[in-house]
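In the part that follows, the structures are each spelled out as structure tokens.
In what comes next, chain A is part of two complexes: it sits with chain B in the first one and with chain C in the second one.
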Partner chain A sequence: MRYVVVPWLFLIPILALHAFVVVFPAAQGVFYSFTDWRGIGEAEYIGLRNFEEMLFEDQSYRDALWRNIQWMLFFVTVPFAFALFGSSLLAKVRRGAMFYRTALFMPFILPSIVTATIWRYLYNPRFGLPTLVGYEKALLGQSDTALWSIAFADNWHFWGFLMVLFLTAMQGIPPVLYDAAKVDGANRWQEFWHVTLPGIRPVVLFMLMMVMIWAFLVFDYIFILTGGGPAGATEVLGIDIYKNAFQRFEAGYAAAQGISISIFAGLIVSAFAFLRKRGWEI
Partner chain B sequence: MRARPEFFLFKKQRESRAFNHVFLSILVVFSLGPVVVLAMNSVKSNSELGLNPLGFPQEIRLENFGNAWERGEFERTAKNSVIYVVGTVAAELILGGLAAYSLARKNPPGANFVMIYLLVASTVPIWLYLVPLFFLWRQLGLLNTYHGLILIYTALNAPFSIFLLRSYLIGLPVELEDAARVDGANELQVLLRIIVPLAWPGFLTVGLVVGLGIWSEFQVALIFVHKPDMFPITTSYFKFTDRFGRDWAMTSAGAFMMIAPVLILFLALQRRFVEGLTEGGIKF
Partner chain C sequence: MMFKMRFFTTVLLALLLALMAGATAAQDSTVTIWAGDDDTGACWSSLLVDTFPREDITIEVVLQPGTNLVDTQRTALQGGAGPDITFSHGPAFMLELASAGLLLNLDVYADEYNWGERFAPWALDLGRVEGSLYSLSEELETVIMYYNKTVFEEQGWEIPTTMDELYALADAIREAGLDVMGPAFGECAPCVEWAVSVFLSHHAGPDKVYEALTGQRPWTDEAFVAAITDLKDIVQDGWFMGSLDLFFSDTFDSAHALFGVGEIAMSFEGTWMLDNYQRDFFGEPAGNDNEWDWFSFPTTFTEDQFFIIGVGSSWGISSATPNPDEAAAVLDHYYSTGFQAQMFEQCGVAPAPLIYEGDVFANSDPREARLYEEFGQASAKGNVGYTSWSFWPARTNVWLWEQIVRVYDDQLSVEDYLAGMQSEFEEEFADGLIPPIPAR
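After this line comes the complex of A and B, so read on.
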């Protein structure tokens, strides 16, 4: 008896708290997504009405989803390119390695509000970075540049984290493989492509999956830098849900939108699980 | 005859390192540059900032910090943030530590299920439960309270903390615990006298990572705390830049005060930060 009761006594407090904060509201969310609930009062069952509206009528939902997909395309390429470049350079360096790693990782520990403040300044059309190249338009104030500018600021904060993950994985590659590549006369690029990248493939693929899921959750940087503007040009799903739930009080509809994000996340995980079954080593 | 190719190889290797150092230095400038600009702007006057927006300050003015501290109400919001951080870290280490110990050493029936639950839970998108959670918290009167926010933070960080502490505890030798038990120690005594003294580096790592996360947290605080009296430093700073956005020197000083303690801790304990953050993996 002691061997069952005591261990579970240790487990229950935090599991109960977690269930109360995450699982219970998630279940409520599923329930509310089939209602016209406005956050207070009675919720009336309206079947799939919210989902119909979301998929077939709500243009702002479709626009927001497309922006999340653009965000995803940015984040599966740019930070990965930065991180692969940085980590493959750093893996070969001994002198100053600790300094480089610390310096390149540092932006990752900054709060989103500070990163956003720094980049709001750097993007400033009057005295920010654009003035150095004679470009005097507001990067955050124009529809066609705002989303990418925010993504780049987020990337500045994020890529060092990826780099350290890749670097750790690279240290596990047997040096003999590099010796063999050298004997075969491989150049820098061939070495990266045939030795380094296959060696860290599991981490790269796992992080690709995580980044794709995260791309649907983005909120902080956009909320802080543009709040979804200018003219809705950066309104992603997170911003849309926030406004529906807390400004328009369409809690039922916001819950349905939240479920749609979970479905996208589930699809991404399933796709990777499927590929793994197919023999992709993830 | 044989010396030549070796010499050649050596030389080639040195050249290639130089290539690495050049590009790594460029990346370092990219990563540190914006923070250096922030630091320099925090000691400029606004008139100098207009003329010299990205360069070194001509003279150092420290009054920006005092102004930001006053008008940004940092005294109150920093205190609030410390309460959120300390409360969450304490709850996390105690409750998460108990759970991790149970999973690492007791292997109770259902332990595998708990691990799978935590793994799935840590990838559930926050938007699935955030909206209903807000209305639940409102109903329970937990909005705008310290414990209301601490409960959410503790729950959201639980999977990460339990995983990391569990893997740390598994790596510890079990003999000492058995010896203590033979001497008649009960479970709690074993935990407090044997496990905690041995496993403190693991607890420290979790504390640092969770604490950093709460200090920086924005989204949940934005939604669950509306009373300025209860704002943590992040959402309060957001309102502050909204009001004084044009005063770049002062807002830069405010931002720098927010990150100074983080930077000092990071430089002092960076190995732990990096390991904790990357081993957690599934965390932003």
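After this line comes the complex of A and C, so read on.
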């Protein structure tokens, strides 16, 4: 009996804290999503009205969701390609390895306001990077380039983190596998494809899942660099929710939108859980 | 026996201390107020504490970091906390707080302190909800045209008094190889509402705007279509910053710096920049010899000075305050003409819309003093229009600034833009969410 009770006694503080800061606010969020709450004052129950509006009437929501999907497609490809390439190269480096790793990881630990502000200046068409190639337009000021420009800035801050994770995973691959590959006459690409990638696959797939979830939570870089503009071109769900909650006084509707993000995250996790059941190493 | 004596003495002392603490708490007349943790917030809040004349009341200032103090405060108020004296972006936001029962009714204090005599009538009305006063307007605001006086004198350009003259001036500025005006709006999406407010009132006319805000005229009226179409044309034509992409993305500081050195001839800005231009972008601090001045944006219907009126924020008292009388006393001091003039002079905070008599702003920059003098004269003649951030209900206002950029980007027609504004407005009008509109 003691063996059953004592561990739970130790867990009570963290469970209580979790209930207080996660479970209770989340339950409140679910409750408010069924109300017309304006962010202050009393809330009136309106059933599924918020969800009906979100799914069938609100074009802004659909547009924002599509931008989140574009964001996700960018982040499951570009930073992964950067990180896999970078970690493969760095895995072979012995002299100055720590310097390179630190330098590439550094942007990840900088506050987003710092990196976003740096990129705002880098993108300035009067004196920034575009002038180097004779481009005189503002990348953040055009509807067709703004989202990708912000994604690239965010990628610059993010890919070093992925690289370090992959590098750590690569160090767990037994060297004997590489020796065997060499004996079999494998070149660098074949080594990567047949030894390295299978060796780090659980980490890659786990990070794929996380990045897909994070893609629906993006807010800071876009809020700092464009605030959702120009002309709504970078308005993702996070920005739309912020506007609804704090500027339009539609906190109940914003809560419903937040619930939808949780549902997307749940679907992603379920898909990966399904693949795991089918024997994928995740 | 000795132990018992010590025990009872200790208990007695503890009881006495508890009673004293209780008595102190009952007599505690501290009034809390939040201010932004920046130079301006520190300046006005310390000035308030230093100049407050009553010694029986303590003002506790909490400097809050971050840029979104209003949202932080709203969350705190909703949770039953927050400061005794509260503020928000303006009447529309205060209306929401008052409707939620988070603000104290100020009618009794308005009578006690005679605020009706002190405020411009339209300004006091802005704080009323269903006839009762809940908030006081702060920071008199309007949007004007600043111009680089040195460049204008070098080029021999005159101040325009009509829209036609303004268009001719814009052509001349471009021929001289300069950009017509700043700023850019890459850092502040809602700030594009300044131009919409100006064009609705200065182009369509304040009477029509008043009728629309009181539900007597639809926003789809052809006068508003013409105003927004002209605005769209000048924005697309690159009047701001030289191109639409820079209008959307460049920063305020970048635009103001270019204005200061004379690469941009004019700046379409609010009166909140009066202090900043002199301090940061012109003359010795900015490393140039240029000077600035201002003129009121021309209209289509008069050559007299005309201004849109607005307030930058509104103040009220939290309904949860334990010291409402003391909080009202602090507000009364804050809204005295003497304190407002001092705050304007020392901290660069725009004065509240009070009735200023005599030479209250004698120590201020003459250009700034002239603005408030001419603003008062225009106001007396009824030559005033409406700022969207003070008079539009919250959701309609978000539509106004959020969707106008889609008009500029050709994603939305002017007619659809105004139809959408009308649709939002009708809903909020029906729900009674329109701030009080000063009668004309």
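By our rule, the second predicted complex is superposed on the first by the 265 of 282 C-alpha atoms of A that agree within 3 Å, B and C clash if a C-alpha of one lies under 4 Å from a C-alpha of the other, contacts with A are read in each partner's own complex, and residues count from 1 in each chain.
What we mean here is this: contacts are C-beta pairs under 8 Å (C-beta built on N, C-alpha and C of every residue); 3 or more make two chains touch, one makes a residue touch a chain.
Model, not experiment: these values are computed from the prediction.
Participant: Have a look at chain B and chain C on chain A after the superposition and call it: clash or fit.
Facilitator: clash
Participant: Between chain B (first) and chain C (second), which, if any, makes contact with A:111: first, second, both or neither?
Facilitator: So A:111 only meets chain B here.
Participant: After the superposition on A, what does A:230 contact: first (chain B), second (chain C), both or neither?
Facilitator: Second partner only, chain C.
Participant: Quick one: name whichever of chain B and chain C touches more residues of chain A.
Facilitator: B
Participant: Quick check for you: in the superposed arrangement, does A:101 touch first (chain B), second (chain C), both or neither?
Facilitator: So A:101 only meets chain B here.
Participant: Considering only touches as defined above, state whether A:177 meets chain B (first), chain C (second), both or neither.
Facilitator: It touches nothing on chain B or chain C.
Participant: Which partner does A:142 reach: the first (chain B), the second (chain C), both, or neither?
Facilitator: Only chain C is touched by A:142; chain B is not.
Participant: Which partner chains sit in contact with A:125 here, chain B, chain C, both or neither? Use first/second/both/neither.
Facilitator: After superposing on A, A:125 lies in contact with chain C but is clear of chain B.
Participant: Tell me which partner A:247 touches in the superposition: chain B (first), chain C (second), both or neither.
Facilitator: It touches chain C, and chain B stays clear.
Participant: Kindly classify A:41 by the partners it touches after superposition: chain B alone (first), chain C alone (second), both, or neither?
Facilitator: second
Participant: Report, in rising order, the residues of chain A that make contact with chain B in one complex and with chain C in the other.
Facilitator: On chain A, the residues that contact chain B in one structure and chain C in the other are 39-40, 124, 126, 246.
Participant: Under the stated contact criterion, what part of chain C meets chain A in this complex?
Facilitator: So the residues of chain C in touch with chain A come to 71, 74, 77-78, 96-97, 99-102, 185-190, 243-251, 254, 394-395, 398, 402, 405-406, 408-409, 411.
Participant: If you look only at chain A, which of its residues touch chain C in the complex?
Facilitator: Those residues of chain A that touch chain C are 38-42, 120, 123-126, 137-143, 146, 225-233, 243, 246-250.
Participant: Can you list the residues on chain A that touch chain B in the complex?
Facilitator: The touching residues are 3-4, 6-8, 10-11, 13-15, 17-18, 20-26, 28-29, 32, 39-40, 82, 85-86, 89-90, 92-93, 96, 100-114, 117-119, 121-122, 124, 126-129, 131-132, 156, 160-161, 164-165, 168, 188, 206, 210, 213-214, 216-217, 219-220, 223-224, 237-238, 241-242, 245-246, 251, 254-255, 257-259, 261-262, 265, 269.
Participant: Report the residues of chain B in contact with chain A in the complex, numbered from low to high.
Facilitator: 16-17, 20-21, 23-24, 27-28, 30-32, 34-35, 37-38, 41, 49-50, 53-54, 95-96, 98-99, 101-103, 106-111, 114, 117, 121, 123-136, 151-152, 154-156, 158-159, 162, 187, 212, 215-219, 222-223, 234-235, 237-238, 241, 248, 251-252, 255, 258-259, 262-263, 266-267, 270, 273-274, 277-278, 281-282, 284
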